[in-house]
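Below you'll find the structures, each written out as structure tokens.
Paired with chain B in one complex and with chain C in the other, chain A is shared by the two complexes that follow.
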Partner chain A sequence: MSNEHTQAHASEHTGFPWKHVIGLVLSLILTFAALWCVTSFAFSPALIVTVIVILAVVQAFVQLFMFMHITEGSKVWQITAIGFGAFIAFCVVAGTLWIMLFAL
Partner chain B sequence: MAAVTNHNNKPYEPLEYSTEEGSLRIFGFWLFLAADMVLFACLFATYLMYIHHTAGGPSSKELFEVKDFMIETVDLLVSSFTCGLATLEMRRGNKKATIAWLIVTLILGLVFIGFEVKEFTGMVQEGATLQTSAFLTSFFILVGTHGCHVSIGILWMLCIIAQLATRGINAQTARKVFIIGLYWHFLDVIWIFLFTAVYLTGLVL
Partner chain C sequence: MENIKHFLGNFFVTGEPMIYMADVAIVLVSLGIIFVLTYFKKWKWLWKEWLTTVDAKKIGIMYIIAALLMLFRGGVDALLMRTQLALPNLHFLDSQHYNEIFTTHGTIMILFMAMPFIIGLFNIAVPLQIGARDVAFPFLNAVSFWLFFAGAMLFNLSFVIGGSPDAGWTSYTPLAGKELDPGVGENYYLLGLQIAGIGTLATGVNFFTTIIKMRAPGMSLMKMPMFTWSVLVTSVIIMFAFPVLTVALAMLTIDRLFDAHFFTVAAGGQPMQWANLFWIWGHPEVYIVILPAFGVFSEVIATFSRKKLFGYHAMVFSMVAISVLGFITWVHHFFTMGAGPGVNSFFSLSTMLIAIPTGVKVFNWLFTLNKGKIQFTTAMLWALAFIPNFLIGGLTGVMLAVAPADYQYHNSYFLISHFHYVLIGGTVFAAFAGLTYWWPKMFGHILNERLGKWAFWVFMISFNVCFLPMYLVGLLGMTRRMYTYPAGLGWTSLNLIETIGAFGMGLGFIIMVYNIYWSARYGERDTTGDPWDGRTLEWATTSPAPEYNFAHIPTIQQVDDFYYMKKEGRQKEISKAPYKPIHMPNNSGVPIIMAVFFFIGGFGLVFEWIWMGILGGIGVLACMLYRSFETHDHHYIPVDEIERTEREAGRFS
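Moving on, here comes the complex of A and B:
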């Protein structure tokens, strides 16, 4: 654990910010991949929406780990809080759609 | 808060975590972000509910311009990147570079707001207003709430830049720069979902 931290420390204090550039490039790739899925394919809307939502979730993880330093500080508590928030958010959105649109 | 005290024993810690108060405030901000996420989830759920309730007004396919929302998206992604560089330079102790990247971020934020205002006014001129349909009400509220967050972020960032310029980088200002960074990246994450659930889905459904 402490080793990991000193390494992160070293790369953070000198040299080119590779982590950030990779984060930006990944974000751009994922964004344009989602746009490409929507504009170039004639699959069913359900399939396309599923794919672009997965791409969005991946991109959210890129932000959390590449830019937001979620693994620093009170690591476990932060991840628990964000995880719980994401769980509630998912329940609100998926639950609403399930009940109201699909009328099950 | 075992994690916080453990952290103090580690050989390296960035300046913003160096005091217990700093660590706790950063953790507190993560809690705020989790709560804000739930707020947006409610707005997303409402929007997705009413996506087809256009009441004879314009639909998402007629309103959304790929070029316009792609410019907004790329602009916000790049601003998230430059904000990350500001945090990095803050940790390297470079006050001038930190301020410079924050100013770049701020300008990109203003450009984003400019495009959003242009988009909204364009839609209103085409007769797509807040009152037109349930679809448009929930659209303007959802996207507008995000835009409001970005606007507040811009004002907040101005204050942080002023504090950095006068006080330099210390445990307090470092924590403030880190937290505005978290906020800004979080707004980018929300936009990713707006881009996906509102704009891209609007082209498909």
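Moving on, here comes the complex of A and C:
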């Protein structure tokens, strides 16, 4: 019988949340960089897509490290969660490409 | 002056007597509510006890009240449609009005009725079932509710201000694009869903964290109640599916508001990409509303069969399998787009595959019933009726999964009937079963069984009268979304029967609402906290549960531990003195204020008043900023208050 079992956010936070602020600023920069690259330059579509994908992947890592506690907690959970996420991302992206090609 | 007149003529929906009646009704009801609250001096009570609450149990009740209101709205839409189609060549509604009504019916029933109903049940049952004091993020939970509510209100506003969306609940481009659908209707759809969707996404995160992190000591994942398992799996699906909707809605919003071309052919966009993205979210969404329904039925069937649920592990694994497979079946919603035989074959196969784990679950329920001491309570009747009705919907679903045959069935009334059988026979029956089952836990009294059974029989029979003929009329060639039809096609009598069934369902709903009123006044009070002789932890506390849920968090030894607690007399330990102070979150007005800003911003964007959108956005950010610096966000319930509460409940020992 334990009464210590209380709210998950019970721990007191101390110090300025630098990690979150930097993460937010980086995310905003990366997002607007993608927009800027589309609206301000006349790149070829292939180049635009490449740049956007690179910016998106970088932002995914920024969020995983700055917001989503990827370095904390049990390894098994982290690997399962990332694995499932990668699986869904693969299904969505590969599936969409396959479907929208109207080739097969 | 002319300008103002012109503006108002476009701003308010004009020219339709039914809309004027609705205007009058809205004004009168609003005035009535304001009068009652003022006359009985209830404003402060409303604000302190409900609008600012972060208590999951109260948020759950608010979700369900909102869902019932939306069920009424969506139901009225349905009755208007069925009236229009009762006989050939009727002109009760014109084609534009009919388009608007089937669009709002579908959107409201899925997003603003089914979703809040099941999320309401999450809030009521999950923290109690796992022996927690609240959800992991109570403040965020309130934000979720108020965002849903703001989104729902924004969407519902459309029919009196500006005009309703009219491109179907699927809002397919190019029809929903600016070129073919100017005006604000589709903007309401996009913004309303976007705001509510953010709330739902937060709910997914919240309940996933709650279930992973806050279970009572001893309750390993494989000792959780089945409803909690279904919510865990659903939360995962929400977290992975809803971002796709968010992105798709944002893209179409940018197309419509800022002249981008994601979905317009003219500048290299792909209109069919919308259908693709919509269903990448839309198919998992189907499982988001059906898996918790399976969870409710698992609880209800086990409780009223007086047996342990058959095949616990098989139930869990089939749900996990469904959550994975649910992400690779989406093309079956648009086989006829003609992506190609390879694509259609793959998605045809994956769709049939997902029927297997679902079938496993059906057998588990049947084996749970086998040799059980079955009690035919109202909740159990809904659960028992679910099995055959859902089976009809499921099997016709497998028929639709056959891609070549789907070219015949697609968008016919056969399809309409199929998804109403799974959504009503599954989700709505579960909502009613769950409502009846957990009602005592919510309000401390039992819903009248006699009225409940009347409502059940009237609704269930009428449901079949309404939807069974739709399979036939669909096979006879009637397609969805046609606003009228000529005589002499052999559709007339079937349509008339369907309309009679639809009004029967309305009658069933009225009996249900009357039952709520009757039971609140005269219903049997639940003084035990365990009116059904339940098997899971929510029945271990009082009805309704105190703010802190349990005086002591129980230690769990096995599945259905409460059943064994009662046998071994361990359940008294939950309320045994001495107590320790209990740590609880504070109420907050920020969520509702933030939702108001979301509403203002959303409304601005609907009318393309960018300044108003920015204003709303600033308000939202200001609320977040304020919350970031709020340090007094929790309190301790002192021991004497716990003692008083437990004593009043007759549990102090």
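Note that the second predicted complex is superposed on the first by the 70 of 104 C-alpha atoms of A that agree within 3 Å, B and C clash if a C-alpha of one lies under 4 Å from a C-alpha of the other, contacts with A are read in each partner's own complex, and residues count from 1 in each chain.
Note that a residue touches a chain if its C-beta (ideal position, glycine included) is under 8 Å from a C-beta of that chain, and two chains touch if they have at least 3 such contacts.
Predicted, not measured: the structure shown is a model, and the values here were computed from it.
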{"item": "First (chain B), second (chain C), both or neither touched by A:T39", "value": "first"}
{"item": "Which of chain B and chain C A:I82 touches, first, second, both or neither", "value": "first"}
{"item": "Partner chain(s) touched by A:A60 [first = chain B, second = chain C, both, neither]", "value": "first"}
{"item": "Partner, of chain C and chain B, that touches more residues belonging to chain A", "value": "B"}
{"item": "Partner chain(s) touched by A:T50 [first = chain B, second = chain C, both, neither]", "value": "neither"}
{"item": "Partner chain in contact with A:W98 - chain B first, chain C second, else both or neither", "value": "second"}
{"item": "Set of chain A residues, in rising order, touched by both chain B and chain C", "value": "1-2, 5-6, 8-9, 84-85, 88, 92, 95-96, 100"}
{"item": "Footprint of chain B on chain A - complex, ascending", "value": "1-2, 5-6, 8-9, 12-13, 17, 20-21, 23-24, 27-28, 31, 34-35, 38-39, 45, 48-49, 52-53, 55-56, 59-60, 63-64, 66-70, 72-78, 81-82, 84-86, 88-90, 92-93, 95-97, 100-101"}
{"item": "Chain A-touching residues of chain B, taken from the complex the two chains share", "value": "1, 3-4, 7, 10-12, 14, 17, 23, 26-27, 30-31, 33-35, 37-38, 40-42, 44-46, 48-49, 66, 70, 73-74, 77-78, 80-81, 83-85, 87-88, 91-92, 178, 181-182, 185-186, 188-189, 192-193, 195-197, 200-201, 203-205"}
{"item": "Chain C - residues contacting chain A, complex", "value": "132-134, 136-138, 209-210, 213-214, 216-217, 236, 240, 244, 270, 272-273, 276-277, 280, 324, 327-328, 330-331, 338-343, 552-555, 573, 579-580, 582-585, 634"}
{"item": "Contacting residues of chain A [partner chain C, same complex]", "value": "1-3, 5-10, 84-85, 87-88, 91-92, 95-96, 98-100, 102-104"}
